[in-house]
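What follows is a pair of complexes built around subunit A, which joins subunit B in one and subunit C in the other.
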Partner chain A sequence: MVVTAHSNPTGNNMLRFILRRLGTLLITMLVLSILIFILSDVMPIEPALMILGRESTPEARAALTEQLGLNKPLPERYVAWISRFIQGDWGESYRMGVEVLPLVQRRFTNSLTLAMMAAAIIVPVSLLLGIIAGLNESRWPDRVISIGSLISISIPDFVVGLVLIVLFSWGLRLLPGDSSLRGDTVNLMEHWQKLVLPAITASVVLIGYIARVTRVSMIEVMDSPYIRTAILKGLPQRTVILRHALRNALIAPVAVVTTQLAWLVGGLIVIERLFNYPGIGSLFADAALRNDLPMIQASAMIAITLVVLSQGLADVIYALLNPRIRFG
Partner chain B sequence: MTVLDIRHLNVSYVSSRGIAQAVRDLSLTIQPSETYGLVGESGCGKSTVALAIMRYLPRRTRLDGQILFQDTDIATAPPAVLGQLRGNRIAMVYQDPQSSLNPVLTIEKQLVEVITAHEGATGEDARRRVIEMLEQVRMPDPAYVLQRYPHQLSGGMQQRVVIAMALLLRPDLVVMDEPTTGLDVTIEAGVLDLLNDLRREFKMAILFISHNLGVIARICDRVGVMYAGELIEEAPVRQLFDRPHHPYTTGLLRCVPQAISRHTSGALYSIPGRVPPLTALPRGCTFAARCAFAEPGCTQGAPQLESVAAGHAARCFRWRTVIEQPAAVPVPQPPSTPAKSGTSNRQALLTVSNLRVYFTQLMGLLGLARSRRIRVIDDVSFSLEPQRTLGIVGESGCGKSTIAGAVAGLKPVTSGRIDFGGSDFTRPIARRSRAALRQMQMVFQNSDSSLNPRHTVEKTLRRPLRCFNIVPRGHERAHIIGLLKAVNLDETYLDRRPRQLSGGEKQRVAIARAFAGEPQLILCDEPISSLDVSVQAAVLNLLQQLQRERRVALMFIAHDLNVVRYLSDEVAVIYLGKICEIGPAEAIFQPPYHPYTEALVSAIPVIHAGAQPHAIRLEGSVPSPANPPSGCRFHTRCPRKIGSICEQQEPLGQDAGDSHIIYCHIPLTELRAVQTQTVAQHSN
Partner chain C sequence: MKFDLRRSIRARNDRVKEAHSQYTQGRLSRREFLRFSAALGAGAVGVNLLSPFEQLQVRRARAAQGMTPVRGGTIFSGAYFSTSRFDDPARLDSVFASNNVRQVCDYLVTLDADLVLRPSLAESWTPSEDGLTWTFTLRQGVKFNHGKTFNADDVVFTINRLVNPDTSSAFAGAASYVTGAEKVDDYTVNIFTNRVAADFVYTLFLYVAAILPADWPGDFFANPWGTGPFTITDFVPDERIRFERRDDYWGLGADGQALPYLDAVEFVSYQDDLARLNAMAEGSIQLSNASAELREQYSALSGVSYVPVQTGNLDIAVMKYNEEPWTDPRIREAFKLCFDRQTYIDTRFLGLGIPADDHPIAPGMYPLSPADQSPRQQNYEQARQLLSEAGFADGFDLTLLYIDPQSDGGYTEPFAVFMASQLEPAGIRVTLQPDPDYWGKWLADWGPFHLGASNWSQKNTASEMFNLAYRSGAVWNETHWSNEEFDNLLTQFDQELDQEKRAGQLKQMTDLLRNEGPVMIPAFRQDAAAMSEKLHYRLHPQSFVWMGDAWLET
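This part shows the complex of A and B:
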């Protein structure tokens, strides 16, 4: 009898899978970087005018354009830009007159810290709620969780933030409502109190969303023929759920969690503004409003890297959970 | 001591649409080492009985009566007791092994945990027992299989795993719910052989559920027939098949096309009507509305299960009449017009020459690195004359449907030529003219997904009329009603949508749509395989009748050999994208035949005693068309392989007369001799 031939099912296979995915990710990023460069070239921004101001003479502006290499053909400028970018030379902000890289680095670290703190709340809470709801379909725990998550999704994040500030900062005086940082750099040990309220605010929306996805996934799995098999083998309920159901049920929410991670890092503009937290989201928003080209390019590249990396992470976790992907 | 004793079991599903009485007053017993078959059409309550025995029913289900397993009443047993019985003393084998195994756990984990849960054994000891059991279910290389995930095994191997899982702790009762449905006929035959051996070795009791009478005949000792939630007849297996007492059983048996039957000898018997909805059962006998023997009294009181002979009971008021005057059931007449054979003019309608359909599969980084060609159809030639039927058979994955797809222009042709009605049809459907499209229509397997759920029957049938300008606008409605009448429906169906139709009715509408454009050729891709037997027969009759009246040719693709043999004038047997045998239907299924055809024929489960086919079994499943075997593609599984020539050279066609061609290296005389011998050996 023929057994379908497959390569060695040990870690070797997984390593090859990861390497292949990394290759795909690099190509994706390269293509996107070209797109970003072309788009920023199309934008009606004249860098020399922005740097030198309206009172500058056309001659001076032309000279600066020449000096910046902006009159060269597009492919040449792209190659110059991307090679400098990879080497860590991200240029100078037109508006703030500072190096882009250290600023972005600092802000990025701040955002990442906040995101990690939020994720540490979101992932366990939402998965747990979703699983409990799914296992108790249409009984009271499910109804409570389902309604609760629907409410949490429907309330805008700034409303949640405001309520939390009023409650915990002004009312109970437990936690600070202002999360601004002196020196612009976050230190978890020192500033954890300042992170709690923004992290919870960011969590509320996502917990509802991820819990709902997990719930549906869990219900589907519990209804599947292989769970019937597990139950009719006479396995204890604990084994049925922990060993047979959980891993299958987590496949769907993992995809959601990892794609939302990118949003947690870069997309918290409203929350950062509300709490006055120096994250990268507000930096990007400012750059976009002020046509600060090097800043826009840097932020777009950061956003892409985040999305692509989290997608890659999702693929890897997905493959770990699902052998059908690993041994296609 | 009785293993299972079900007494007055009632199961009903409660939902917002009402109470569906899935099982009503069912009593049956199973003795040690007995195999009890439960047979009936879909929706008759068979599976509900199985799940009730396992006490695995939806939350809102009402369960009354007793299910006595040895000394325990399963109907009332507490969860702890159920946990001890399940998987240990009562085990189950399921219909679809792929979805019944957990996709993320290795086979080893899924097998070992049964032992761990019930006996606490772990590690090497449990592993050794699992390997022993896999050997007993004839699994090749068990140690290797243990490390696999379910999706890495073929369907036949998956089912062996599920069977091994059920037998691990040597249960007293195994419940098997359609364990071979969905498997290819060759795989099914292997699994049935295995079950027959195992039930002797293990001396266990089996409740075997199936809709397939041939499968039941092959494996069971006693049989119960279910209809609309009731047991309507129960008898030892041979007695049931030889002397059925209930009109429904009689009907079911007559619906199945037999090995000997051909369309030229008459239409198939079919049971009119359909199973009544379980939420609104009729008064009196539930079968009366479809019964040829029914008289007014039948709808008054409900018949009881009555003993008609030793060990034989039937639920019918009129069973005496049924056995005395079987002629009361109308016998279908042979077609009045002489059959089409002989009248054929030798001008082919469709000629397919050297057809190749290769799919390219991209692999590696963004598909840039490499690609591989999958040779789905590789050098296939055949022709079809007007008004005749070509049957195409083969296991799944052989490329049957791809041939139809290529002819219809739905699959791109890699090379070769398709001529239809004198013009070139090799081009894809988008580049065929309206007139060309009209000439060729298709009926698909799944009428659920091939009818637009939002369109009424009228709208569905009006489209081809408009597209092809069949009738002037004013006359459309009358024409559509005519079409409906032709498929034995009437104008009350005009405003219905697919969800308001039964499976058989949907397929009738699909057939009406195919005939609406007045085509010359209809491609039927497994048009009846999702239908119940009684409905299958009616749809087959309809296809034949329309073919005769409307003078179309049919290309009929099916995996059911008896159906193909019944309906076709010519048959092509396909294996891995190549024709291995082609010729007149009456010649194909007798020696000499290709060893692959021989295996297919021998795998068909048959109903009648004495007609048990000689056992030629194929090992394994169809190899991947991405990397087909060299030489004769069948050599890896061929039971009659003669040597290295089979591996090295592609066989040429040998003419067995009357344009019957066999692609095999074995000389025809030798094939005929050895195959006739095998048939003789097994028929005495």
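This part shows the complex of A and C:
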């Protein structure tokens, strides 16, 4: 086998890898957008009736249907919808009568802020716990952490949230349990107190999960021949763990964290409800419950983008941590 | 159209006097009498007919509603608020959304928390002798928040817009007999009807009938123009809407200064009962609707009172009158005998409600509503006997259609489950069928051996309720109930101006429904709110929120 010398093989390959990934993502999203449109067309919703109300005359509804172009064939409507969507015209909510895009942007910012706050708790805590447990396999720190993480996974998030509210808000009066922003733009400096309890609630579920993944990964790596060689070579344990074991042990948990980002941004419906935090999850849940078609379409597109992007990010990080992938 | 206003007023005052003599003979309650005179636009005439002692009582009762109000402050309310669209007040489709408009706009009349009709933008009104034309004298010196002076043009604009089918307003259906309005002079307006409608004035307080200025260009989000006590200063859909006081509102407070007392009001959106309770506990809201399930938790909060308020809101079992087995009156009777109404109130609403008598006119919640009710007692023996007489000695199987829990937050399901459990001992076996498209097919025929479960909110008048849902062929007649005697009574009731006769007709109609009707209505529920003890605000039985005269103790 001939290995060609290259000035910067890693960088170039990496760029190509990312571009190829992005291409796949775009195609995935395009296909999914067609699926969404077909599905939303099948839903038994009469837009003109939702906009004009039950009191409207059939003539008025027919006129509006015509005006909205809803009686055109499906492919034509899809092209019109997707091109408007890409240009930032996401339509008007049937239920609220306001523009969808600014509302989604606002809620998305809120959710992203909360997700970042949660991630800032989840990543260090869960990795640390997982590493400690993995290095102390079957000894008491491992037992405590393993059982603790099992418990944290099994408790539903609203129970965690309620306990936190009763403890920190009602009992100690340290933090607010009502995280309503009341129309303000979210601002970490100003609103961090309102974000703490919902962020911890979201963290509890994930910390247990990720700590367990980290633990298993750490145990596997510490058991591998090259680590045993390093230890037998007489390297100090510190060096073995920090310089040799950690990088490989983190591949799996980091990939898991990244794929969970989509859930942290868009999936915290219960937590948003409980703390009355205006995130994007509850906006989408309402849209689905009340047949608010433009909002449903926007939410499905956002959800897909989130999943696809976080999956792509996971791939990239995975590739960075594990060079074998890049040339695969 | 020519008519003699003075003669109309004289005729009207004669009717008030007649009602007063009925009242002194004990045939009409004082509340009914005051309501009647107010509905005819003769509230002051009515009060003046009372004895000085009674007048004192009325005034005391009105004064006792408030101590000396304090000015200033902001109320945060998590109650009765929804941001479903209110871009056109004429097309509002929920009371909650109408509460957003209510702070900004006024109506011609208003129905206060005692359900008594009071003047608002209309100072007085009187029907013509033939009862087909109503003349309204409008309040002077009222300004819209965009600067226009309120006058007859605005009323004519609003009414004609409401009755125009192109507007798609619920007004056109609820008051189909209103044909239009015409300006007499700057502060006098005639509103025309094509039949006598004794309860007409009440329809002017339908939540879609907010008075908009004649130069309103449409889109209430962009142009929230009205004569009301507040203006909208911020609106974030599904989060909050903020209202701030205007300095030039026409209404006067107890201190002789312009209302409102408050500097600002904020409606904050809460989707979750626990989140609302938590906000109340933290003091970040001062008013919150409070479900019966959380009664104890709210009552335990310091500085918070739990206030129940009786409503005419009801759950209803729908028997399609034209379909098997409900065509047989014995089956309908047997069905109604299966239910223990108090058990329903105790288990479903934790005691917050009153038993109902299988008709929708809740006692005390409607003008002229019959006070003496005798809700059926549960009687399985009789029920089984009726069933076997009708040829169903072994009972029958029934499919119960109701609103799917996903669509109504689980409101109807407990009612459906309750019915299934109470019907079983009588041999009626129920299959529950939650349906996400219940409202899509609730007016259709369901086929034999189907039962429905839905719910209705209180209406302003018995006439409104009956004409919407109980007259033969009415738009929302979900049971397909069709009874000639009932229809005739309803027509007479609508056209009769004599209160005693009307009370009799209403009693006959509710009796007909109770004894033969295709509905089982177990209870009228109570709503409840949790309120900061510092907040002085009277809850409205119809969930209307108007903060114009609310105030906060400091």
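The definition used in the following text is that the second predicted complex is superposed on the first by the 318 of 328 C-alpha atoms of A that agree within 3 Å, B and C clash if a C-alpha of one lies under 4 Å from a C-alpha of the other, contacts with A are read in each partner's own complex, and residues count from 1 in each chain.
One rule holds for everything that comes next: a contact is a pair of C-beta atoms (placed from the backbone, for glycine too) under 8 Å apart; a residue touches a chain by one contact, two chains touch by 3 or more.
Everything quoted here is computed from the prediction, not taken from an experiment.
Engineer: For A:Pro176, decide between first (touching subunit B), second (touching subunit C), both and neither.
Structural biologist: Once the two structures are laid over each other on A, A:Pro176 reaches subunit C alone.
Engineer: Scan A:Leu293 for contacts with subunit B and subunit C and give back first, second, both or neither.
Structural biologist: Once the two structures are laid over each other on A, A:Leu293 reaches no partner at all.
Engineer: Does the superposition put A:Gly234 against subunit B (first), subunit C (second), both, or neither?
Structural biologist: A:Gly234 contacts subunit B only, not subunit C.
Engineer: So, A:Ala60: does it touch subunit B (first), subunit C (second), both, or neither?
Structural biologist: A:Ala60: touches subunit C, not subunit B.
Engineer: Counting only touches as set out at the top, which of subunit B and subunit C does A:His244 meet: first, second, both, neither?
Structural biologist: A:His244 contacts subunit B only, not subunit C.
Engineer: Looking at the overlay, does A:Thr24 come into contact with subunit B only (first), subunit C only (second), both, or neither?
Structural biologist: Touch partner of A:Thr24: subunit B, not subunit C.
Engineer: Could you pull out which subunit A residues touch subunit B in their complex?
Structural biologist: Going through subunit A, the ones touching subunit B are 1-4, 6, 9, 20, 23-24, 27, 224-226, 228-236, 239, 243-244, 247-248, 321-324, 327.
Engineer: Can you name the residues of subunit C that touch subunit A in the complex?
Structural biologist: Counting only subunit C, the residues touching subunit A are 83-87, 91, 93, 165-166, 168-170, 172-173, 221, 234-240, 242, 266, 268-272, 274-276, 278-279, 281-282, 284, 406-407, 437, 440.
Engineer: Which residues of subunit A touch subunit C once you look at their complex with the stated criterion?
Structural biologist: Its residues touching subunit C are 44, 52-57, 60, 93-98, 103, 106, 162, 165, 169-170, 176-178, 180-183, 273-276, 278, 282-283, 286, 289.
Engineer: Please output the residues of subunit B touching subunit A within their complex, sorted ascending.
Structural biologist: Going through subunit B, the ones touching subunit A are 54, 56, 82-88, 91-92, 94, 96, 99-105, 109, 113-114, 117-118, 140-141, 144-145, 147-149, 151-154, 157, 162, 165, 364-366, 619-621, 623-624, 636.
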